[in-house]
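Take a look at this one; I'll ask things after.
Going by the order they are written in, the chains are A, B, C and D; count residues from 1 in each one.
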Amino acid sequence: MWLRASCELMFDIAVPCPFILMLRPRSGAQQWISLEEYRLQPSVPVSEFTDDYGNLCQRLMAPPGTFSIHTTAEVMTADQLDEAPGAPFIEVQNLPESVLVYLLPSRFCECDRFGDMALDITRGCLLGYDQVKTIENWLRDHISYQPGTSTVPVSAIEVNQRQFGVCRDLAHLGIALCRALSIPARMVVGYLHGLEPMDLHAWFEAFVGGRWYAFDATQSGIKAGYISIGYGRDAADVAIYTQFGPSVLPTQQTISVQRL
Amino acid sequence: MWLRASCELMFDIAVPCPFILMLRPRSGAQQWISLEEYRLQPSVPVSEFTDDYGNLCQRLMAPPGTFSIHTTAEVMTADQLDEAPGAPFIEVQNLPESVLVYLLPSRFCECDRFGDMALDITRGCLLGYDQVKTIENWLRDHISYQPGTSTVPVSAIEVNQRQFGVCRDLAHLGIALCRALSIPARMVVGYLHGLEPMDLHAWFEAFVGGRWYAFDATQSGIKAGYISIGYGRDAADVAIYTQFGPSVLPTQQTISVQRL
Amino acid sequence: MWLRASCELMFDIAVPCPFILMLRPRSGAQQWISLEEYRLQPSVPVSEFTDDYGNLCQRLMAPPGTFSIHTTAEVMTADQLDEAPGAPFIEVQNLPESVLVYLLPSRFCECDRFGDMALDITRGCLLGYDQVKTIENWLRDHISYQPGTSTVPVSAIEVNQRQFGVCRDLAHLGIALCRALSIPARMVVGYLHGLEPMDLHAWFEAFVGGRWYAFDATQSGIKAGYISIGYGRDAADVAIYTQFGPSVLPTQQTISVQRL
Amino acid sequence: MWLRASCELMFDIAVPCPFILMLRPRSGAQQWISLEEYRLQPSVPVSEFTDDYGNLCQRLMAPPGTFSIHTTAEVMTADQLDEAPGAPFIEVQNLPESVLVYLLPSRFCECDRFGDMALDITRGCLLGYDQVKTIENWLRDHISYQPGTSTVPVSAIEVNQRQFGVCRDLAHLGIALCRALSIPARMVVGYLHGLEPMDLHAWFEAFVGGRWYAFDATQSGIKAGYISIGYGRDAADVAIYTQFGPSVLPTQQTISVQRL
């Protein structure tokens, strides 16, 4: 499936303001980026780097006035998210080094507090993929998906208490539950074709059976059209923009994903 | 100052248990490791890797029975921790890439919630080193240092509420406050000569004036004798041992640091 | 200066053939990539990775038949290559770790054999930038630039013997001479606006005065319009395509660089 | 097999001289370092870093006068080098990313010039391990191993011409031949118990059947007692010491390897 995704951010900057951005999707396991565009208005110097999770990040100083960022990508993405019922749990000693970091607790995924709950939810499951699928289903049944209800990220503990949340919140709780079972899990932010209302999206991936699989408790019908932009331990690592100094919110944020 | 530090951990293992250890200090800015010893009893295969923070980690399966780890290091460490009153704050856009990760919130350092408090504490300070020194002093005055009072790590928010803690707790709050001011800050675990009671220790470092400086709110008289073992965002990254599966606690943990 | 550069490669593949490609320019010190396009015909799965030098590489299996790769980039590049007469030599102990690898001899830059010659050429120069500039001038005077005269890369020793070469050859000799003086030097491949005849181009960079500066002994008038695609120790690291198995040459290779 | 290996280097330094050293073995696939000692006389500041190949390197300025380095390691090493006749060739597209660099030509291993010769030598072999074993045997039969005959490294082309060489030379030619067959191959320097005359040693590893295997054309009887210190593309990457400025040779170099 070929998709064209774009994200336009517009800010009203009072004083020069440092930004770290993460807006450039990269080709990966289930997607191929054939065109990628990134326009800044006004044009300013940008320093690009790859972070510890492999994301391409941009550092820049936004100048006072209206500052806009427009990105577009043309992406071939999988026709169907891979599924693998029965894919086995991988013992810690056999995991690739690069995934070990995704076993640790992180800002919004306090897996060190979810041991009993994760065992309860997945009792009787085959270890591995089936545990994660059960967690995804549990999230869908128990945490009400309410787009637009949170502005600042809250953590898995808080999500579990309030029992509702945005896509990011459901992903955080899913990740915390997986890690509590020694299953590496990570956050993904990106685009989703057909998402209602259209916005940037977040879901999670778990490492079972020797590779990463995607899970999204916010959707039941949609099984395709995902474009990954960034990976991280949780939302702290994969903010589309991290802005320093006095808080600046976008005056406009426009997302679109179209089928080509 | 030449020091000889050692750490002995003894476990009683019921079922084979995967461990990730972080016990090998490495030469660095203010220390030189001239001898380093690492004995396992019984001897088992170990796979060593360097994590994202540059720490040398060991992965192994502890076999059932008594399992002990004995490490020793001979280290030349600085006669005096470096201090630098007046060292300036470095703007985000001028920070080295490798320190950017230490600006983000992490499991036990929810800096995204400490903006106002950090500004309050450091009001009137010269930006940079002096802000961090003021935070260190504030911690010493407001958070009671009580060794041995906590077994599982708690986060900066919790520490700030209960107003007492172990070395790790004071470090977490210090780090959260620094990051809230856009000052990169990281956790250090290691040894401290003269620590009472003797144990592994934790403190924090902040990046100001173009380099890392150490801060330790738990001590007022001691200014030297620090040996770093591991660095990370917070205690989640620098656990001396991370153990997976049913919890196993050391039956014995013996630390010693002697002057040579 | 805004440029639009494109590279089209066409191959006639007999048996399935693994390729590693390096065709995606990245934003960097003196360039900003605002649009980047990469089309394969037929479409095949691609696995992308970042190599040790920071280059974005693509791994794929070219299927039998006509296989074409078309890439385009829109780039803002410096109006003038930076120059810095007098920029000092940096002592080895003060170099950033990341540039140390560029002091070592490599496949096509046998700097271990050029010590005396490098000293001869640069006798009397201020250490640092001026040495490299003198080397660049020496190359322009002594090694005849003859585009199209070589198909397989030859090494600095061979270039120095035959006294002529393509852009890559002059760069190799320049790099070998710099490294022989303990000045880190690296190969760059990329595009050059106004190059005659139009083709992919190669030049070199030397690390003096705390940063990389570009040098190009093949040009005297042109001082701008450079777009970097890849960096490496020498041509072995920055092949636009590395192909494995029985040799396959492009049936067509079209390069264009236009001012926008 | 437990071994105690040590290396003592002594230099007579005229003017302050920057060194990069690589003398600390690390635990790995077939070895475990239980004790590691590193003494400098006189004591000077050392900056340690990990290079692109995972080697722990030390950077320091040797002061004028006698300068000595003494390292010791206690190592458990395999009782028998692993062998795997029949282990298959891994197609380029299926190799782990981290081994791709070992397919490229390097300073002393001009694999780009050995395609026909490598095919000739291995004609009829099963692809993979058996090809490498055949190359090892061919080296043993055709290149006379003559310890002490070379001071500066020469390249595979030169070794192939002169038909004799030190351990490093045989390894270089072996590596070049493997890479010419698209088999990743790398240089190892280290210790060998029982080596006659005792010295530092070099051999090579090839990646077949999904992992690295060691090959040493200089030995026929010895199958154990290997301790790896450093890995790299060739001798340029794994010099035990790289010294910058006017050449300084060790006035004394003492190696010993004893069984514990």
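One rule holds for everything that comes next: contacts are C-beta pairs under 8 Å (C-beta built on N, C-alpha and C of every residue); 3 or more make two chains touch, one makes a residue touch a chain.
These numbers were taken from a predicted model, which means no experiment stands behind them.
Using the contact threshold fixed earlier, the set of chains in contact with both subunit B and subunit D is empty.
Rounded to a multiple of 5, the C-alpha superposition of subunit B onto subunit C involves a rotation of 180 degrees. Averaging Cα atoms per chain gives one point for each, and the point farthest from that of subunit A is the centre of D. In whole angstrom, the spacing between the mean C-alpha positions of subunit A and subunit D is 43. Rounded to whole angstrom units, the spacing between the C-alpha centres of subunit A and subunit C is 36.
Here the spacing of subunit C and subunit D, counted between their Cα centres, is 29 Å.
Multi-chain contact residues, meaning those touching two or more other chains, occur in subunit C at positions 47. The touch graph of these protein chains is a ring, one cycle where each chain has exactly two neighbours. Pairwise chain contacts in this structure: A-B, A-C, B-D, C-D.
Contacts from subunit D toward subunit C in the complex involve residues 18, 20, 47, 49, 51-52, 59-61, 91-93, 97, 100-101, 103-107, 109-110, 112, 152-153, 182, 236-237, 242, 244-245. Those residues of subunit D that touch subunit B in the complex are listed here as 26-28, 32-40, 43, 45-48, 50, 54, 58, 76.
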